[in-house]
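Here's the structure we're looking at; comments come further down.
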């Protein structure tokens, strides 16, 4: 049996986001078990543990599940990720943090046990700017771009990158922090209304997203100039603002919606069989897709590990090798029933960060769905790589880590 | 009246000293309410000085002025011949003035023993750091020294059996006694008692009177007493101040006061025996 | 290019509006404090619970669906109907009354005459319970709340001010509605507490439970009454805030925005809640505009509200309109 | 003269009650007493004898002090009352004036008095008239009517508490130490008020009092409580003549009243029950 | 008779002021110490250390600290999270700035730094009382969190604003960082807790403690009998913050290893520790232990029962867990408003009387 704990949160301030993600994660593994009899013949268990987005509960969950032979962790919380980085390193278990967590973990030379492909926050910032450049026909010098961010480690992540990009592209960046929880954002949005930035980027989470989108609607900010990172782009975030949220954009490093062949299987083996996780009403939503994406990558890494180890019953160290040698091709995605759902990934010892591309999605309130508004956009590695080097070097020196790939 | 600064000996042989505290033209206002109007009187060392008067006359307020809780609107307080500047109540306490309260003000969450020990705070000097060390730093030794003094008071007031009881549970009368104990523990020069015998029956009042007299006798403590039981006041006190509506209407020995017509009209109603 | 004065004026107006919204939450605290000396930590959760109930009823959700489904393996989610907003509001208010009765019976009754901090603690227990209960009953996913209140920029004000100053002020329609509702509520409650026999009884209870009992005031009645009203106020606050952000756990955190208001206005004063709200709303927004954002890197509102209230308190320890703390021996 | 033998007139009856505080502290160990309609019954006894506890047991206030009546019964007009709430009892016509005043600090003196009329239904005019009556009894209160009760003197607060009870027009008043902290002429006055209310309006009184002397002059019947037990009872006049009562409660020995100054040694308390 | 008090006479005040005047209690206390120091370390594993024991020990320190302020000195504070953050950031700065000094001293110094901050935020308590003060202390909470979040110097300019505890040893054994064994963490915290509890006990049984309690029970009367409210309140803030700072330092360095201020030291933490203090029993050191144990163990226990044993879905279990915790809090308060410590005392009193009640 393969154990992939699901550290989820279905209560607390971020429950609304945690629920679809956890459902997608569970359902995908359920699908593998029901349809294929697991991975390589081994059934997958996903013991779920409620963290309530609380770091201490996260630790408790980690400790209580690691003894069961956990192969990889995906806690969906930057705070818990930071906590677990030293722990997984000591315990030899993979920490997989797609699209969140510690950005510089993309540097496999320093972070042996942490993977964050396909994209990280800095990629996100870069992709968003690239999209804006596209929109503006290639030149954004002199434009004003505002960042509305959750005033926490997570929200502050893109600032460095954006500052670098501002230098490079000559736009003017202003930053507007919003304190947790973010029920009240009058000040920020009045400022936006006054300053009339050309674009607004958002790094939000939880109720902050909903309020920001509502306030943007209230001040009649052009929604298609308002771009959220992938954690600010779920159906939940746009729903309270109703029809007027149409046009709002958000990034995502995977596709969404029900149009993938895998959903036929999912319906047959999971939903209709009454095996769906949670209330079963989240299938196909943005965060559900993301949970599914994470599950898909983990399962592929396990498959790779099985292949490399030549046995089905792989252990945590072997699974790490699976992650490191993961080669997810378009063809493979097609096979999985997820054509063009994600970017192909080819990981390596140095590269734990993946291609770093994302798509822009746009909300259609009438149809209640996210439409693709761009193709895959790749992040600006020239700007990002030095930043990653710098940050991981600091970590390496603080913790006496030497290059692990030599 | 005897000479101001000379001491004298009472009929029962107690030595009364010179003036230890003097109130000069004290006026106290609360917004529109004038609680005390231009009152002057003095207190001699070693005497039992009573303050009487109808309800709301301003007796407790006067006590509060003496103990520094109220700053008089006008007037001055002299202590040992020196004018007392504006002082915080805790500074006044350190001068050796202790008191009990009309509406019992014990520390309900603490045991009887701890309550009485608080009375000794002004005598205990060990600071925070030495407290933390306890045995090493001598805080324990200081504690035990003081504890012994407190135990004497406990024996004296016959409250040994309730030492460890939280005071919140005690009946009214015992609380009064604990309060007295707390005030005594401070070994004060002047002891202010605000209706120490309210809510007691005769037997208990007799005991309480005994305690007060003994304190006065044994330690030479000066006592200022507010009480509504005329029997007690007349029997115990050396001199009595009478207040009415904030004004002083009489001042003198019990016999003088008893026969003062103003006092009879305002307070006593009928001449007491 | 409009200058800083205009911005400040706009921010002030919006601060006033935000203040009204804070006051709506603070009002619930005040009522309960006034009537029992209880600092009701659960007020925020009460608002959440009220809003959840409102949405649940409106959308015809099956209560406890998740629990039932988990135990029986069914897949209930919704009844085949939706309830008109006004009916749903009335029903939700009724639920809040029932809740008040239960709270009195199960909790408060047993804690008569206890120290305020104990009662405070009990409300924390209630907050935990209600949070869990609300989730079990209605689920913890996010819900949109729409009872037909207008939202978004008020065009009239925008145009009028634009014509006057060359810069159109932004005022949210929802805020205007909230302000009207708040004024009505505050007036009604002030009248109730100042001029009715019950109002006097409320204050008596807050002073001394035992004495209140001894003169025949039924704590039971007073508490049910007050908690019902507080529940209703919570419902109103829940509607206003929920319309902005959807109904979800975070709604209960609005209580934190109400606390400085409460402190500044005085725990026992109904008009204090509104005045405190206005001061805090304006103060924090202006500070953010003039000092916080330009010099301190922004996001100063949360702590500034508290610091502002603190400064007021140093001068008036009972808040602007609170009952004077009696210090006597 | 009324006496307290059980008659049809018995209004309030306490039957062998036991009271425990905090689950462990046994305070009343079987107290029985009966209060006849229209009488003034006094409950006497030293500090901590259990007078207050008895009154609170009757008025159902014990629960709020974490005390409970574990044995025995209390009936009012033959109805068992110990399970109801204090408010129920007030509605039945029993009101208690608590020891230690218990004014509503933040309310003004007048508001305090008006809360006394909380349960009354007979209209504003009647209440206003009673307010005037109370002010007549206690002119001092009229002067201080607009002050917050928390800022009045001890004696004034005692008057407020008394006045508040009168405002509810009860059938029975339980008075706990009404004379405490009052000036001597006011003590007499309070008892005169008790007497006149009792005689003119037929209000029944049960009063716990330390001031045995006055209490026995005005009461019709007395009980003496010690360490949670009734040790003696009888018509007030008889009690007054009892030599033990005389010595321990009235402070009179055969030679008449002694000066407090002359009590030279602490008294060994003589107890009926050791 | 299980419980004997009779026959255990004291012949000196010294004996009488012992922490556990009753012999039976004393024996039990030594037994607990022996188990905690001698037996538990032998069996402790990662799960028990990280999920239960270490958080319990650290919260107990914080609860003792807060109890001094709230339970003994009567000043309700909701700034605990902020003060823990001061401890955490102080220890982080010290650890990174002076890597050669033993972490034990860093922790203590972090405590002193927190004490200083606590005194500053304690100043308003001279004017502001009761719940007003409680709410006012939230200003400290929000301000401190904002400060640590905003000023990069505090987190050594790291990209994410997180702070990570570097590896440090005591007697050559790792006590922070990834390589720390369960036992080392446990022992380190246990030693600190024991010291803290001892100091707290010494302070509360003597003059200082009585001053605090006097201020708590009736501040005006206390002042009139000679307690200086200024120094007394501030000393309570200082001592309390000292302990809380130590707890914060350990919480970050030993327990979490990495922290972000808003998340680890947010307002929920302030409330959590206040709950511990009230549930455990105000003004009782034992109560601080009981409260910490209760609120650390109960959720873990419930989770294990509901999810582990009964197999409920985690979200339902989490919701029901909230209901049970809330329900229990209320039930305990109704049964005994003075907390677990009092419940325990009453139980002892009953046992003492057993089998003859009264």
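By written order: A, B, C, D and E. Residues from 1 in each chain.
Here is the rule we go by: contacts are C-beta pairs under 8 Å (C-beta built on N, C-alpha and C of every residue); 3 or more make two chains touch, one makes a residue touch a chain.
Which protein is which chain? UniProt says B, D = ABC transporter ATP-binding protein; C, E = Branched-chain amino acid ABC transporter permease.
As the structure is a prediction and not an experimental result, all values here were calculated from the model.
Visitor: What are the mutual neighbours of chain A and chain B in this structure?
Guide: Touching chain A as well as chain B, we find C, E.
Visitor: Count of steps on the shortest touching-chain route from chain A to chain D?
Guide: 2
Visitor: Using C-alpha centres only, name the chain that sits farthest from chain D.
Guide: A
Visitor: Distance-wise, how many Å sit between the C-alpha centres of chain D and chain E, to the nearest whole number?
Guide: Using C-alpha averages as centres, the distance is 47 Å.
Visitor: Return the distance between the CA-based centres of chain B and chain D, expressed in whole Å.
Guide: Comparing mean C-alpha positions, chain D is 29 Å from chain B.
Visitor: Nearest whole angstrom, what separates the Cα centre of chain A from the Cα centre of chain E?
Guide: 37
Visitor: Counting in whole Å, what is the centre-to-centre distance of chain C and chain E, each centre being its mean C-alpha position?
Guide: It comes to 32 Å between the two C-alpha centres.
Visitor: For chain B, what residues touch not just one other chain but two or more?
Guide: If we look for residues of chain B contacting two or more partner chains, we find 69, 101-103, 105.
Visitor: Residues of chain E touching 2+ other chains?
Guide: Only 146, 220-221, 224, 313, 315, 318-319, 322 qualify.
Visitor: Multi-chain contacts only, two chains or more: what residues does chain C have there?
Guide: If we look for residues of chain C contacting two or more partner chains, we find 66, 135, 140, 297, 299, 302, 328-329.
Visitor: For each chain, which other chains does it touch, given as pairs?
Guide: A-C, A-E, B-C, B-D, B-E, C-D, C-E, D-E
Visitor: Going by the contact rule at the top, pick out the chain C residues touching chain B in the complex.
Guide: Of all residues in chain C, those touching chain B are 329.
Visitor: Give the list of chain A residues in touch with chain E in this complex.
Guide: On the chain A side, the touching residues are 8, 10-11, 15, 19, 48-50, 52, 54-57, 59-60, 62-64, 66-67, 78-79, 82-83, 85-87, 89-90, 102-104, 151-154, 156-157, 160, 179-180, 278, 387, 391, 394-395, 398-400.
Visitor: Under the touch definition given earlier, write down the residues of chain C that touch chain D in their complex.
Guide: 112-113, 197, 200-201, 203-204, 206-221, 323-324, 326, 328
Visitor: For the complex, which residues does chain E have touching chain B?
Guide: 12-14, 17, 199, 202-203, 205-211, 213-214, 216-218, 220-229, 235, 238-239, 283
Visitor: Applying the document's contact rule, which stretches of chain C touch chain A when the two form their complex?
Guide: Against chain A, the touching part of chain C is residues 7, 10-11, 14-15, 17-18, 65-66, 69, 73, 75, 77, 135, 139-142, 144-146, 151-153, 170, 172, 241, 243-246, 248-251, 253-254, 257, 284-285, 288-289, 293, 297-299, 301-302.
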